[in-house]
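Which chain is which? They are A, B, C, D and E, in the order written, and residues in each are numbered from 1.
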């Protein structure tokens, strides 16, 4: 059988490799293996095996663009799995659009997606607009405050890269609008793990809640420093990195009560099965937010092909725009190319993350609990 | 001075070659064109880099800084000004930055200059990030144009030609002689009356302006400009590596490095996406040991050997001053 | 003490030295004369192990075959060289330069004694032990270089144009010092342009021309040889 | 006495605590060949460095034709008309003999370009005895030939004042003879020269006048014969049993 | 006070990052662009020893230090020695070593990628508060600081107060002349390179106790190290330490009082200012 060739260009080296290797690559592997084990991808009435053609974009837009070109014109792949990160997705969008492939983005989001989607109607945004994710924590805090459980004082920090800025851009106005008092606010450069001064200053401002729109290395560093310096707040929120299984392992009991960006329905058996498979096939644990989303993006591609019955790009785009897909994160339906049903906040509890807040119609959220004081060790 | 015949020939051949290359987009598109854009990009930058670093032996890692300045010249003003004006802004910005840096680094030599220039790209990247964070609201700037790869390719080709012609003119001028003297011995240069400071600064500005233009031309390809990408230090390193690989003693030296390097790298990353780093590392080591003098050096040694056999010239014991 | 025979050196295709033989005994001062480019420095370099030699060369030091030894091992065998251009460590202090002179195992024990000897010979060095060598004047640097070579307690001290750039007074004193050093039992092998001065101090001399020895005799004989007179001593009016 | 071309006026140079030149004054008239001598470390090279602009004086003036050049950058001084050679030869190693000399012609006081510069350089190479070796890379040349290159390069700028720092050092006696003749010739053509030298034969046969320095101060200044007989000079510099 | 202490601790970290390169570049004259990869490799090995075999990172130093020494010795003798031999001057060696170690950088990175993948790693070790003057700091950082102090002092004493160390510096200044004073230049340079590599590896081990790392992170460390080495004056241990401490304190000052977003900018600005006033680095010596 003629295999279906699926191209992927994402980071294996460079600054974005850490994220891509944790979230994107393993799921591609898992998915490909699963599909092929099941006999292949159903294209019309044929079952065709899938073949992954992968390139490293070295975390650079130049390389990413060239890779997409290669995939489209040299390898002439049937489908493309888009790169990791907002920036590279935006940079490759024009080219992917030129060749007409659907671009189902699972690891990127931005605020002005509406415009973007108009320009490139073949792009689909699983994580929804940045706003939803950024504001989730604000809603959670608001609920807690309105219930009289926490005070009004919030410290908020962000990593100054594309992701952090998109987040703070809506997160901060949302906090203000919700009537919070921002007692400390700062940004720090990407890659900075020496965040003791950040936590010290935050602590000096004596906040009730701490929000970090952060990235993996600094997520860990901020948490470690908060614990060391005993920044005891009732709500402690970190972003990308907090969702990694390694976060729970690294901080153990201290992670209990930490709020993270995104989440899952941990009690959903579909998710639990997915987690098991992920570990078995890739040898590494799925995380508690992005992994299933990345996996879902592949399921969407798969189902779109099955629904359409061919690899016709235009038809696929149409199908993704209008169809509904059953995935590990539930049923997905894009509205104007954007998925509006997303987990936005999760919370660690004994090595597991439970979603505590979501947008749209997602079910299974658990009520957030207040963070206990950091255990002393 | 009248122009020696062989130089005229070379010039003619170069222009003819460029004219032929201009037809490339008509025969191929897609991947090969993309690859050619990358090649042309580095051809322009590396040659521009070698204009300064070749004769002065001062290894500049500021390419990323100039490139980023060019990219941002476009990103900031794309919505308000026509593209040619943006190129002009890039020229001015690049030259200005180079002049400032040139003036600041007059006293630096050798490795101090290297690291200073490395820091420069980082510094600019950080400042842009900070400004965007605090005043811009978003970190990325969209650059939407109607340029296709073909347009980018033509612009880069034109830039490369301009760089070459400029380089050729410089080599034939007082400026070029002054540079060679400085590269040989700066103290001697000063004492024979060369204004070493001015010479260095002018040349750095020329080189920087060209690299900035390359950045400006590439901005539409990036589409979404972030400081990390625009001021990526890897750019600086790649430029140096390719130029050194080719050899910087001739104007066309860097070009000889760029083409095989880009093609080989691409081959490796295309065929061994998971072992790219290992293979690239090994390939690199191999190159260093097999081609100690850069490709042009190797070619020249070949030529020299032939010539010296022909005319039975005695082998010189000259050690090329690097 | 030092026996060199049939020494050859080539740089690429250029033969710099061809079948050169020479010897230096204990307490003896030998001088090598020759035009620029005759191969004098190459000879010293070859003996010191800095320059590779051709097959057939034999260098014997204190009865031991040392032909193939590398430079640092030659020092241990008792051969010290003050090279052309001095070769001092510019970014180290005068004292450090001298201390390094006694880095050789053979010199460690007597380092203190040798240092006193060197400081006695060149009081300027004793005045400025902490100055960076590269900021010393040309002549001062020459003193550092000679001092450093002496610190290795060599059996044979080889000097390549040591009086180059020294004031007349210092040159004279240098040669006096060399006489003293030889008197202590060191053998000295010297390349010099200042033939008149060196022949006054030297015991024997070799004449070298385009890579070959063309003459050898005792210093007084050479000094009286008319041909040598005109070729190497010059007839500068005064 | 004619007007001085070069006036050194209470010049002082200190390196940190070390005073290398201590308020030295002297004058050089046009066409003169002045010997600047003194023990090692007495400040001769430093003096040349001050005149040529390699260093700038801590205090004092240096007047060339009445114009103060002290502390100006070296390349400006070179253009005004001061050329020099270096104590340790400095050639431009990757360039040919001809190009080395052209460098002086193009950027020095002369500021020639093109055919003129080439012609002058050829001419000068011939004068220093390197005719026919124009295209040889200087790195492959012997020490004395490199010294010749240096001299030709300095002359190519057509300087008012030529500074020679131990230009004759390291030459063997027959080469020395040639060198001395060369300098004499240049001097006789009217060029003003200051030469630092330890080779007394050369000083005696070339210089009419000498300035003697010791530990940064001028200890004697006058006709060579007188100066070299000065007991203090003999004690500090020559040594008593000079033949 | 808190700022100062935090800054000094950070400076200690930077010292660790830079000391190895000081030796490799300053003495062995190899501008080792793979320095950061060596450091990251040590992070991984430490991680592997700790999580796989329960070997305490501090004990791990005893394995990793000597191990890195041997590996770097081999790298020097096999890969760098030929370059040193064929280089006719320092500039050429600089160019060659940049090219060669750039290759090494990729090679190391590729090997780590094969072995560990690209994800982030970290583990918990001594992440306990340690109180200094009423402020609490991570014990792991304090340990690293102490180690930095010990290594730097040891290195200083070695280089400036032992014969062997003076020999090492002599090789740095003039390898040709060094042979004339009975120094085995090859061995000494290999020793310096290997020692530098070992120190860098130890730095990696210590840093892994409080940093999150992945395969791609080496370049960041290399750049930091280069800047510190240059700022301090090539090959000068005192300069490197001082530069590292100054950087640490400035960064912390800026982060605490101004804006953490400006730390890197401040860092480079400082670097640039230092070079403007002392073009040869804080302790660098002006070439004659």
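FYI, a residue touches a chain if its C-beta (ideal position, glycine included) is under 8 Å from a C-beta of that chain, and two chains touch if they have at least 3 such contacts.
Keep in mind it's a predicted model, so treat the numbers as computed, not measured.
Trainee: Work out which chains are contact partners of both subunit A and subunit E.
Mentor: Of all the chains present, those in contact with both subunit A and subunit E are B.
Trainee: Comparing B-E against C-D, which pair counts more contacting C-beta pairs?
Mentor: B-E
Trainee: Of the other chains, whose C-alpha centre is the longest way from the centre of subunit C?
Mentor: Greatest centre separation from subunit C goes to chain A.
Trainee: Provide the C-alpha centroid distance between subunit A and subunit D, rounded to the nearest whole angstrom.
Mentor: Computed value for the inter-centroid distance: 75 Å.
Trainee: So the centre of each chain is just the mean of its C-alpha atoms; given that, what is the distance between subunit C and subunit E in Å?
Mentor: Inter-chain centre distance comes to 42 Å.
Trainee: Which positions in subunit E touch two or more other chains at once?
Mentor: Counting only residues that touch two or more other chains, subunit E contributes 109, 113, 259, 261, 264, 287.
Trainee: Where in subunit C do residues touch at least two different other chains?
Mentor: Residue numbers touching two or more other chains: 135.
Trainee: By residue number and range, which residues of subunit B touch two or more other chains?
Mentor: If we look for residues of subunit B contacting two or more partner chains, we find 126, 129-130, 133-134, 274, 276-277, 317, 319, 321.
Trainee: In the complex of these two chains, what residues of subunit C are touching subunit D?
Mentor: 33-37, 85, 124, 135-140, 142, 161, 164-173, 193, 195-196, 231-238
Trainee: In their complex, what parts of subunit E are in touch with subunit A?
Mentor: Listed in rising order, the residues are 2-3, 6, 9-10, 13, 109, 113, 117-124, 127-129, 136-138, 210-217, 220, 251-252, 255-256, 259-261, 263-264.
Trainee: Which of the residues in subunit B come into contact with subunit E in the complex?
Mentor: For this pair, the touching residues of subunit B are 57, 59, 104-105, 107-112, 115-116, 118-120, 122-123, 126-127, 129-130, 133-134, 233, 237, 240-241, 244-245, 274-285, 287-289, 292, 319, 321-322.
Trainee: Which part of subunit D faces subunit B closely enough to touch in the complex?
Mentor: 52-54, 73-76, 78-79, 83-84, 86, 90-95, 99, 102-104, 106-109, 111, 113-115, 136-137, 139-140, 153, 157
Trainee: Can you tell me which positions in subunit B touch subunit D when the two form their complex?
Mentor: Going through subunit B, the ones touching subunit D are 1, 174, 177-178, 180-181, 183-185, 187-197, 316-321.
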